[in-house]
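Per-chain residue numbering starts at 1, and chain names A, B, C and D are given in the order in which the chains are listed.
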Amino acid sequence: MLISWVLVSLLLFSLGIYGVLTRRSAVGLLISVELMLNAAALNLVVFNRFLFASRMDGQILTIFVIALAAAEVLIGMAILVMLFRRKKSVDVTQLSQLKH
Amino acid sequence: MIFYLLTFVILVLALATVLTRHIFRSAIYLMGVLALSAGYYLLLGAEFLAGVQILVYVGGIVVLIVFAVMLTQSQDLIHDHPSRLRKMLGFLTSATFFGVSAWALLNSHLNKNIEMPSDAQFSAQIMGKAFLSTEGNGYILPFELISILLLTVLISGIVLAKKEKV
Amino acid sequence: MHMILNSPWIIPALPLLSFIIVGLFIRPLSPKIAAVVATLSVGCSFLLSLTLAWLFFTGPNPSQLSIPWSFEWLRFQPGLNIQMGFLLDPISAMMLVVVTSVSFLVHLYSMGYMHDDPGYGRFFTYLNLFTFSMLGLVISPNIFQMYVFWELVGVSSFLLIGFYYEKPSAVAASKKAFIVTRFADLGFLVGILLLGFLGYQVQQKLGSSDSLIAGLQSLDFQFLTHPTVLSELSNTGFLAIALVLIYIGAAGKSAMFPLHIWLPDAMEGPTPVSALIHAATMVVAGVYLVARMFPAFSTAPSALEVVSWIGLFTSAFAAIIACTQDDIKRVLAFSTLSQLGYMMFSLGVANLEHPLGYTASMFHLFTHAFFKALLFLGAGAVIHAVHTNDVWDMGGLRKKMPITHATFLIAVLAIAGVWPLAGFFSKDEILTAALEGGHYVHFIGGLAVAGLTAFYMARIYFLTFWGKGRTKATDHAHEAPFVMLLPLLILSVLSISAGWIPFAQYIHPLVQSAQEHSGHHGLNWTVVLSGSSMAAIGLLMSWFLYAQNDFNRVNNWISNFQGLYQVIKKKFYFDEIYLFITHKIIFRLIAGPIAWFDRHAVDGSVNLTGDAVQKSSSIITLIQTGQLQTYGVWFVLGTAVTLIFFWMTLL
Amino acid sequence: MGILSLLIFIPFFTAMGVVFAPSPKSVRWVSLIGTGIHLILTFFVTIEYFNLASADSQLAIQQLSTKLYMVEKFDWFKSFGIQYYLGVDGISMSMVVLTSIIIFTGVLASWNVENRSKEFFALLLVLVTGVFGVFLSFDLFLFFMFYEVAVLPMYLLIGIWGTGPKEYSAMKLTLMLMVGSALLLVGILALFHASGLHTFDLIQLANVKFPKDFQNWVFPTIFIGFGILGALYPFHTWSPDGHASAPTAVSMLHAGVLMKLGGYGALRIAVYLLPEGAKEWGLFFMGLTTINILYGSLGAIKQKDLKYFTAYSSVSHCGMVLFGVATLNLMGFKGAVLQMFSHGIMTGLFFGLIGMVYGRTHTRIIPEMGGLVKVMPWLGVAFYIGGLASLGLPSLSGFVAESQIFMGGFFGNQWHSVTAMRVLTVLSTMSIVVTAVYVLRGLGTVFLGPIQDKHHEELTDATFTEKLTTGILIFTMFVVGIYPRVLVDMIEPAIYPILNRLNM
């Protein structure tokens, strides 16, 4: 049934949010973001399959999502490396120069 | 039936990725989740998608994450144990989010038991044609854009991570 | 000759003109010419006012009040327009003559007295300003214009007292004089406001019925002294209060009891100033005001009571203090105070039925102006010679300054009330008025004061002119220059002859009703005898104590009631009391806290709002921890809450 | 471009001229010429006004709506009913004359402003443009726009060229005036909507009979909005600080003219458009302003700094203006406008002189100075004339205004209890004594007595420009003092419409 599929992806998405908000290390943060992206992509495919079975748009979009996820992780990692080199740690809680 | 099994396993793995203190182990669990969601795609009849998922996600992105974990092997953060307050706040936020969206979903019109239609004809040809067709709902423009995007990301990734001239 | 009658405004205009011209243009160039021009202008206005008075008194209706010239100055309300004009009636003509004559003589005198003073030109400009404002006050047809010139007179006295502006005591004295008179003017202003309001209502009511009243404005003297108006006013009940308020103004200017403290200190000014302002003209303005409002006062007997009692008390009070003072000018100041008290209480005892008191007071004002001016100028000549005010440093000047001595002696006898001189007649009139009016207390008080006056005046006379010179300065004292002596001589002639002018025939309250005037029915012999005997006793006493040049008798007198003597010498400590009230109470206990309150409470509350905003904003900034996760939390929670909120409203 | 628009925008063009002036020295001359031309033009406009207005001064008594002359009226924002509506009647004419004199003498007084004189004069002239705009505009929106133009340059002028805690006081001054104009805006918009006429035109709005309880809340809002600028009691604290740290010309202009906007607006908008509200709140504000008068003068006794001394005295005198407005009768209004004029001139003179004395002795603390009259007689005499005018000496303008206000307060009106008004009037008449005390004490210590400070001996007397400045102001005070009909005839016809509307 559609609702159970959507609930699952929603649950995955919330876990991703939990991960983003609590992880202290930047890498952990990226991992949770990946999780959220994957849940969103799943949701797309589910809706395409259940509601618009005759069309392919959902899946095409998922491919784009996957491509974007890749690009995002790459940039994330590059920044992470730079950060690590500067701060000698990837603890997100120390990055608070934007306070005021 | 398979659906429930798969869901149970994925949820356990997802919980593990989020909760484990050890970053490396969480990367591995992430790989598990992504692989099993490829299974989902198979269940939904999108074989090509499942292949892509396995290839790109699991093969590419997770490997990249593992590299990153190896590279930033700083002593203090092997065990990422967030403070109680952060856990509490994080849990509270995700719980409210889940509660509100689930409540919205259950009350919305999606709640009717919509069965999976049987006559779905998915195939890679149709998807390929759709990617390159120019009229109607063709995806030629996003297709080109995504390629440019990937190119810039590649270059900038290298530039960013280059070691500064000391 | 008749030109002066229909355009009399020239008299005040001349001093004003010379004030402006001398003040702005001539003074910086050459003080000498400035002095000459100033004196000439006052001289001409003196001659003009003399002819005006002569024409008026020998003219067709000598006792008729008329306003030959006026223009509309300020419009308050349709029924309340203030005219600036010239009022001609017996007392204003008399006052014109007095003011201009004394002022002219003082101008002449101060040419000599102020000869080597750096502010020579400035002195004459101030004198001219004073003469102008005094003349303006005397001729004002309504009480508002009188208030205007009242203030101007106050300012010019402030300027003249504070003439030696380097001396801090002179500055303090001028400040004190101005503030005390200003305080009295407050009462005067409130009186005018009340009177204006009452008059306005009566004018509205009576205006329709009586054509004469309709023409008048509610602050004009003609209106305020009109019998029907007065009867209307008196039954509003407020008339007495208004008149007492106005009397406060008069009391302040004539230095009556509670507000007398500024006159002794006003002696800081140069002597010609004291002669002109604090003897002959300004201080008399209060008496003139009460005389001008006399019909109103007599319809409110309670107000008259106040006037008479304060007058009597002041004259007695000042006479007692005068006996103990050492500074010659302060003695004269207190004697002026007591003579003013005389005039006030003589007005107080009079009323419309038997107006002898009114005539007597005016007569005394007239004569007093001359002999008191003479006394001051004589004292000025003495001070000019020995350069000190203290009587105990003088002595034996009889031989060195014969003319000054002679004129001073005449003035002393005049003020003491010895027979042929002016003082005798006017004082005797006052005492008869008190006696006939049935005010026995006033009569006895008056007699006692007459005795005391004779005593302290003779004391001063003997201490300065008789006995041996007590200090070196008296040895080479020399007679004053001629330009100072001339006014002395003229004044002494006036002091002698003024008594013989048949005053009662001309000066009496202008009662519209054709009531026949009680003629000048000879001297009341009982009063003459008692008055002269009291004067004689006073003279002998001081001859006995002070003339023999050995003062042990005086000293042992003083020694046995030492305490009382000190209290009197310190002028009953009134100066200290007033100083205490103003500095301690007003400045420290009221002005201080207000300034503090303003700085901290009101200003503080403004800053408080500023700080409150500051603090609340700093609390809000706590959310900005700079960490991404916190923003995520607030973001998601925020959206969730708003979603829930909207759903609540939708369901 | 009618005469009135010219009157408003000459200072603005001079400001532009100043910006393009070649050398800093020529900046002063350009602004002087500009304001000079303006003064002459004002003179001609007054003559023009007199022979226009004298024709119907008799029938002014029964008029219900203000009779305007030299009107310029054309649409601006048609959709909102906003018009560019200029006109002049007795009250605004006297205010324009006052401002023109003050700005001319202000420019003269700030003759030796050295740093960034270009911006200084430009800002000063823009400020004056706003003030002229306020006095001549009869469209509420235009009024408010010019009101803002008048208030805003204040911040920069005090913040940059001031002395002492200039940032703090500039900030405080501007913020408090902004609160005032916020209240004002609320009032104006309330009027606009409640009238239903879809227009901001003052004259038309006056004919609308606003409901009583509407007036009961809008009147205090507008009155307090203007009161804040007119130094009403609790909101006056910006005045001492603001004036103390403002440069001479700015505080001359501010105390002399800007505080009059408060009084003018209270009379023109608050009382004229909302008579019922005025009757309701009249006694309350009269009580408040009595505190204002006494409080200001008593506060001034203890002040050590000359500028605070004058600021407190202007708080007390502006209180008298609002007192006159609150009496709601002919003499009160006339007295209020007269007091605005005379106080404007007086404070202009005072602050100008303080600037000149400060330029010489470099101290404004009263006890530190003494016996200056021997060294600078002209300034001493001018200071004393200003002081005597402020304590209400007849033959000077102060007395004429104060006597009108006190007489008005004493005569009362038929809506408030006359005894209460009389008590308040007597209380505020006491201020003439307190003013005398602090004026004489202050000036006595500064100018009379022996010279305390050795190197005060070789100070110089007034230069020509300073003599000109003080001369003009003193001459005006004497003219109004000796022959007040000059002003009274101008103001009285304009007061009657406001009065008739109250009695309607």
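Methods note: contacts are C-beta pairs under 8 Å (C-beta built on N, C-alpha and C of every residue); 3 or more make two chains touch, one makes a residue touch a chain.
Source: prediction; values computed, not measured.
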item: Chain whose Cα centroid lies nearest the overall Cα centroid; value: D
item: Pair joined by the larger number of C-beta contacts - A-B, C-D; value: A-B
item: Whole-Å gap between the CA centroids of chain A and chain D; value: 67
item: Averaged-CA centre spacing for the pair chain B and chain A, given as whole angstrom; value: 6
item: Whole-Å gap separating chain C and chain D, where each centre is the average of the chain's CA atoms; value: 36
item: Inter-centroid spacing, chain C versus chain B (mean Cα positions, whole Å); value: 104
item: Where chain A touches two or more other chains at once, by residue number; value: 17, 21-22
item: Junction residues of chain C - those touching two or more other chains; value: 629, 632-633, 636
item: Multi-chain contact residues (two or more partners), chain D; value: none
item: Pairwise chain contacts, counting only pairs that touch as defined; value: A-B, A-C, B-C, C-D
item: Of all residues in chain C, those that touch chain A in their complex; value: 621, 624-629, 632-633, 636
item: Complex interface listing, chain D residues touching chain C; value: 172, 175-176, 234, 236-238, 240-241, 295, 298-299, 301-303, 330-331, 371, 373-374, 388, 391, 393-395, 399-400, 403-404, 406-407, 410-411, 425-426, 429-430, 432-433, 436-437, 440-441, 444, 447-450, 483-485, 488, 492
item: Touching residues (chain side chain C, partner chain D) in the complex; value: 72-77, 80, 144, 147-149, 151-152, 155, 162, 165-166, 168, 171-172, 175, 178-179, 182-183, 185-186, 189-190, 193-194, 196-197, 200, 582, 586-587, 590-592, 594-595, 598, 602-603, 605-606, 610
item: Residues on chain B engaged by chain A in the complex (per definition of touch); value: 3, 7, 10-11, 14-15, 17-18, 23, 26-27, 30, 33-34, 37, 40-41, 44-46, 48-49, 52-53, 56-57, 60-61, 64-65, 67-69, 71-72, 74, 76-77, 80-82, 86-87, 89-91, 93-95, 97-98, 101-102, 105-106, 110-111, 113-117, 119-120, 122, 126-127, 130-131, 137, 139, 142, 146, 149-150, 153-154, 156-158, 160-161, 163
item: List of chain B residues in touch with chain C within their complex; value: 86, 89-90, 92-94, 96-97, 100, 104
